[in-house]
Amino acid sequence: MRAHGRQADQLRPISLEPGFSKHAEGSCFVRFGDTHVLCTASIDEKVPSWLRGQGRGWVTAEYGMLPRATHSRNDREAAKGKQTGRTQEIQRLIGRALRAAIDLEKLGEVSIKIDCDVIQADGGTRTASVTGAYVALYQAIEGLMNKGTLKENPIRTEVAAVSCGIVKGEALLDLDYTEDSSAGADANFVLTGTGQIVEIQGTAEGAPFSAEEFANLFALAQGGIARLTAYQRTALGLF
Amino acid sequence: MRAHGRQADQLRPISLEPGFSKHAEGSCFVRFGDTHVLCTASIDEKVPSWLRGQGRGWVTAEYGMLPRATHSRNDREAAKGKQTGRTQEIQRLIGRALRAAIDLEKLGEVSIKIDCDVIQADGGTRTASVTGAYVALYQAIEGLMNKGTLKENPIRTEVAAVSCGIVKGEALLDLDYTEDSSAGADANFVLTGTGQIVEIQGTAEGAPFSAEEFANLFALAQGGIARLTAYQRTALGLF
Amino acid sequence: MRAHGRQADQLRPISLEPGFSKHAEGSCFVRFGDTHVLCTASIDEKVPSWLRGQGRGWVTAEYGMLPRATHSRNDREAAKGKQTGRTQEIQRLIGRALRAAIDLEKLGEVSIKIDCDVIQADGGTRTASVTGAYVALYQAIEGLMNKGTLKENPIRTEVAAVSCGIVKGEALLDLDYTEDSSAGADANFVLTGTGQIVEIQGTAEGAPFSAEEFANLFALAQGGIARLTAYQRTALGLF
Amino acid sequence: MRAHGRQADQLRPISLEPGFSKHAEGSCFVRFGDTHVLCTASIDEKVPSWLRGQGRGWVTAEYGMLPRATHSRNDREAAKGKQTGRTQEIQRLIGRALRAAIDLEKLGEVSIKIDCDVIQADGGTRTASVTGAYVALYQAIEGLMNKGTLKENPIRTEVAAVSCGIVKGEALLDLDYTEDSSAGADANFVLTGTGQIVEIQGTAEGAPFSAEEFANLFALAQGGIARLTAYQRTALGLF
Amino acid sequence: MRAHGRQADQLRPISLEPGFSKHAEGSCFVRFGDTHVLCTASIDEKVPSWLRGQGRGWVTAEYGMLPRATHSRNDREAAKGKQTGRTQEIQRLIGRALRAAIDLEKLGEVSIKIDCDVIQADGGTRTASVTGAYVALYQAIEGLMNKGTLKENPIRTEVAAVSCGIVKGEALLDLDYTEDSSAGADANFVLTGTGQIVEIQGTAEGAPFSAEEFANLFALAQGGIARLTAYQRTALGLF
Amino acid sequence: MRAHGRQADQLRPISLEPGFSKHAEGSCFVRFGDTHVLCTASIDEKVPSWLRGQGRGWVTAEYGMLPRATHSRNDREAAKGKQTGRTQEIQRLIGRALRAAIDLEKLGEVSIKIDCDVIQADGGTRTASVTGAYVALYQAIEGLMNKGTLKENPIRTEVAAVSCGIVKGEALLDLDYTEDSSAGADANFVLTGTGQIVEIQGTAEGAPFSAEEFANLFALAQGGIARLTAYQRTALGLF
């Protein structure tokens, strides 16, 4: 039995609040149950030097976690003077997922930096981050369209993300921290609203798993992401 | 005329939410107008090695700001690999203020780390941090009392903080970002509820200022801090 | 037409030289075509402090690339003072893959550090690293068995890795640098000799891809890894 | 009774040697008793990039302490790879104090960097630094006037600094290390020669202190700084 | 008796393989017995900013050692985030030696970076590095001549390096690790093919040594380097 | 003609002030002409962990230069967050030279750290550092003898250092900055009072030089160091 009587294929309570930040060009406060992430999109009307003069834009992400977002306190990365490998892995994933969602040619020489900061963690911070980051990015793009900076919408697909895992032999959608800690296999899916693959990361925590088990996780993810995409659209007033 | 018709001696709308964090032993989400800071207190039932075996505790603070808490984005300190001088100066101030509030002998060999993370900034982040940090610390201490770890309450005084400044010749309480940017002199006061001095930092941004002007700022701060202390007591259910 | 007339489901010329290093407890110089990696296994008969006293071992990996392993020179990470996110992502992948291959309880309180250093790069450095690292690890374990430090073999499965990708609409096995640069989708598979999943990382470089396309990549990987496992066995003298 | 029979309102023996350095554009070796600081001013005839083209100059400071300037050796900051929070706090204070003394518009697009290096420490290193740094800065400005680079003198006020504290209930001027270690309250004042406030930092080391006590410290500082300013003028040959 | 029956004035088996690297403009895999170093030369057709516009080129070197090149594993410098003093000392030596070999005016505004990476270490890594680096540099220069970028050959002298030491009272050429560990005095010589001095570093590991002993070491080095230079010429096809 | 009419074999004016520092166990302010270095010796009555329990002591050195010790200002290493290769090379040299002077067995489990901080630079900072460091070390050892911590004097030889170089074809002793900048060859010698070799570093800045030229430099150094050793003895009151 999952916490709060959740079914195997059920998401945690989801909430997406666009426009949470007073200052950012786009923002979204996203909750997947007790996992809470603030995503902001900051526009810079120039690109990194290695991209200059090519007429293309750039989207990148940074990820962080408040020291006491977790059960016990983690050292502050700024105080230690470096980001962990986990942090870097996650922010690279978020950046790739968002770049897959956008046509960088159509964006023109504009950079958008997405910051995903975990205020509270209970499993699935990277998937909540991708899901909220898309909303923040959309809002920032919308602002560029409204200002006339962009003539054509560069977004080519919606993206959202969810984790799935095999816990005590059962495939479960959207693991919380307790489930994640005891999962034998664990996969993060970034998919489009129609279930196409943007990014997959799957890991056997214990014994290797089979292609069939993987297919079960993938099917759960497709269902979950269809619903997450609907939440994104609702939050953005697109229905 | 100040924003929202504020008087010179008036605080911005203040809100203190203790228990904001699911995981921390103490926490407070503090708002001074549009300045929002999450303060958490994390207890570690041992002390740093240089203090071991002396029967005394330790309280320290760390401060951070989300990259897009401000009007334009600041580089992430964790990504740059070091904390700015400003960050270090602020976290040292918060730590000293809290240590002045507590009898470290009575705390025993326990460390409490306060994290103050600015979610949104509009001036006065260090004073909001001190004010909220006191509430988080109080909550953590209360937990230790309830658990029986502490027999005697080590808190010896309430502390709160506020900034004051001289803007176009007028002494104002609790500056927002716009006021702060045009202040000729600027002072941060950490006082007890009865107006005793815990810490003062005053700086002439332009021309030096007189002892009389400083006295005016101090009087404003005493009035403001009496009210902040009342907010703290209310938030902690002490009335 | 692929370079050297390779078929879509064909590996590059593979070579695995165990015992390459004079000093290391295990080692393997692995070549996937023009990608050359030196893998060494170093045994430390104690475990990190967080694991002490639990009777379990630890296996971890580090990855590096000589500055001129690539077409144009990359800055030396030691000189820049930090490892890139890419490096950290790869070494975390290698470590997870090897830990999945081994029963850490049976290893006892022993640490094994695998170093994978890319001497020359032409695509697929992380998959060559995993494949060679397994051989180096096996050799180190064999040494511990021969010395009598280990009574029971802790290896529970063979692992090897290969990349696959969709290049101009066609699914290809074991991409070289040129193919990798033009792939629309790209996946790295770490599988057991019997095709079970240890780790999957798949990314749409351009348009999202379908579950069917993913299945094609997976099938190619299963074939390739069956052959890589055979190369590993041969190199280790297990046939 | 203070060391060497000093009265409560008496400075330690003060010595200011301008022109101490063979290479620097301005310099001063300052002694407050056994506290010895070498202050140098280095002119760079350009400004940081964020200030370029605005016709304004910049003055900034760096602070350091030789490892064995103190009773027991401190680790070398260059070897540890970072400056402590204390160092950063002090150098920010020195920089603000000097910028308050100078009209940056009149300085034009010139940067002056002041280095304050503590050769021997016995309390009050930051106040000795500010006092000596003003002399070094003055000398550098004088050189620019003599060369004709500057037409008009940009110095708008003299500044000097001193510490005061409450030791065993008594307010004392210019604390040495022993006094500082036992002070219940401690304040550093940067004032002009006429007693106007440039910067104040006051801290309760133990119990909070009252506005009256603060006023006593301030009065001591005004007297001390009037004398320090006289020493500065004498050293600069302005009498 | 030395290992493998070597005479006091005999080099270890030497091997120099130019063109080892697929990508680099020049390269040499050098073996002094069990000490193996990969040297690559990377050309950048511009110079560092401090040298721009002077018509002169620049040659510099970096040195690294794989973590398990040695008997027991050393921490990876990239992971620790800094290069040791030993590494920096060695790479500065290699750079100086190569710059002495080349007329930087004739090189024109071109930079050549030599990377020396120790794959396996058994004493004498810095002298093997200099000897192999010269070959890699020569090859890179030859390429620039062949392309017509250079009209005139900027190489003004051959350089090679060897270590000598006093072991149990006897002067020995080209120390291996075991000999080096027990040497009472130890010197590294970088000489031209005709025995002129490019660089000398001599150190008494135990008791100071005399000018006569030094002269003996120097004589051994002259003999050894004449032979190393012959190996270099042969490897470069210059005989 | 050298500055101040110096002969080729003449030292600059030398001054050695032992006991310069109020706090250090040993100290010496050394002047070689306009090159001024403060050397302090700090005793720690324990050894680094890798040396514990062996009954042997340790002597090590750190070197630094005030930012404006030189003609134009250098960045502060503590602010940049790392020591340059030059700094590390020099401090390693000083440490080796001092360890050669002392019997670490006789020192017992005691560490002595020598700090050499250049207050003003005019060439030869490393040789002045070694020469002054020996005096500071001697003083610290003398203190341990007087306290009875040491029964037997562990100093086995005097050491001093000087630079020599070939300037416009002439061999000169003790180069100042101007001479050093135009030297074709440059060597630093650390010798005992009787002219035995502790350390030699020689470099051809331009064309390689001959063994005869090297012998001339060595002879100059022997003469200079005999005189430096006499200065050391006088300063230590040993005549």
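Miscellaneous remarks
Letters A, B, C, D, E and F mark the chains as written, and numbering starts fresh at 1 in each.
Rule of thumb we're sticking to: a residue touches a chain if its C-beta (ideal position, glycine included) is under 8 Å from a C-beta of that chain, and two chains touch if they have at least 3 such contacts.
Every value quoted in this text rests on a predicted model; they were computed, and no experiment measured them.
The minimal number of chain-to-chain contact steps leading from chain C to chain D is 3.
Within the contact network of the assembly, the step distance from chain D to chain F comes to 1. For this pair, chain A with chain E, the centres built from the Cα atoms lie 50 Å apart.
Centroids built from CA atoms put chain E at 33 Å from chain C. For the pair chain A and chain C, the distance between C-alpha centroids works out to 28 Å.
Touching of two or more other chains is recorded for residues 81-82 of chain A.
Each chain touches its neighbours in a single ring, whose members, counted from chain E through chain F onward, are E, F, D, B, A, C. The touching residues of chain C, counted against chain E in their complex, run 21-24, 27, 34, 38, 40, 42, 44, 62, 64, 66-73, 76-79, 81-83, 87, 113, 115, 117, 119-120, 122.
Per the touch definition, chain F reaches chain E in the complex via residues 82, 85-86, 88-89, 91-92, 96, 100, 157, 185, 187, 191-192, 195-204, 206, 208-211, 213-214, 218.
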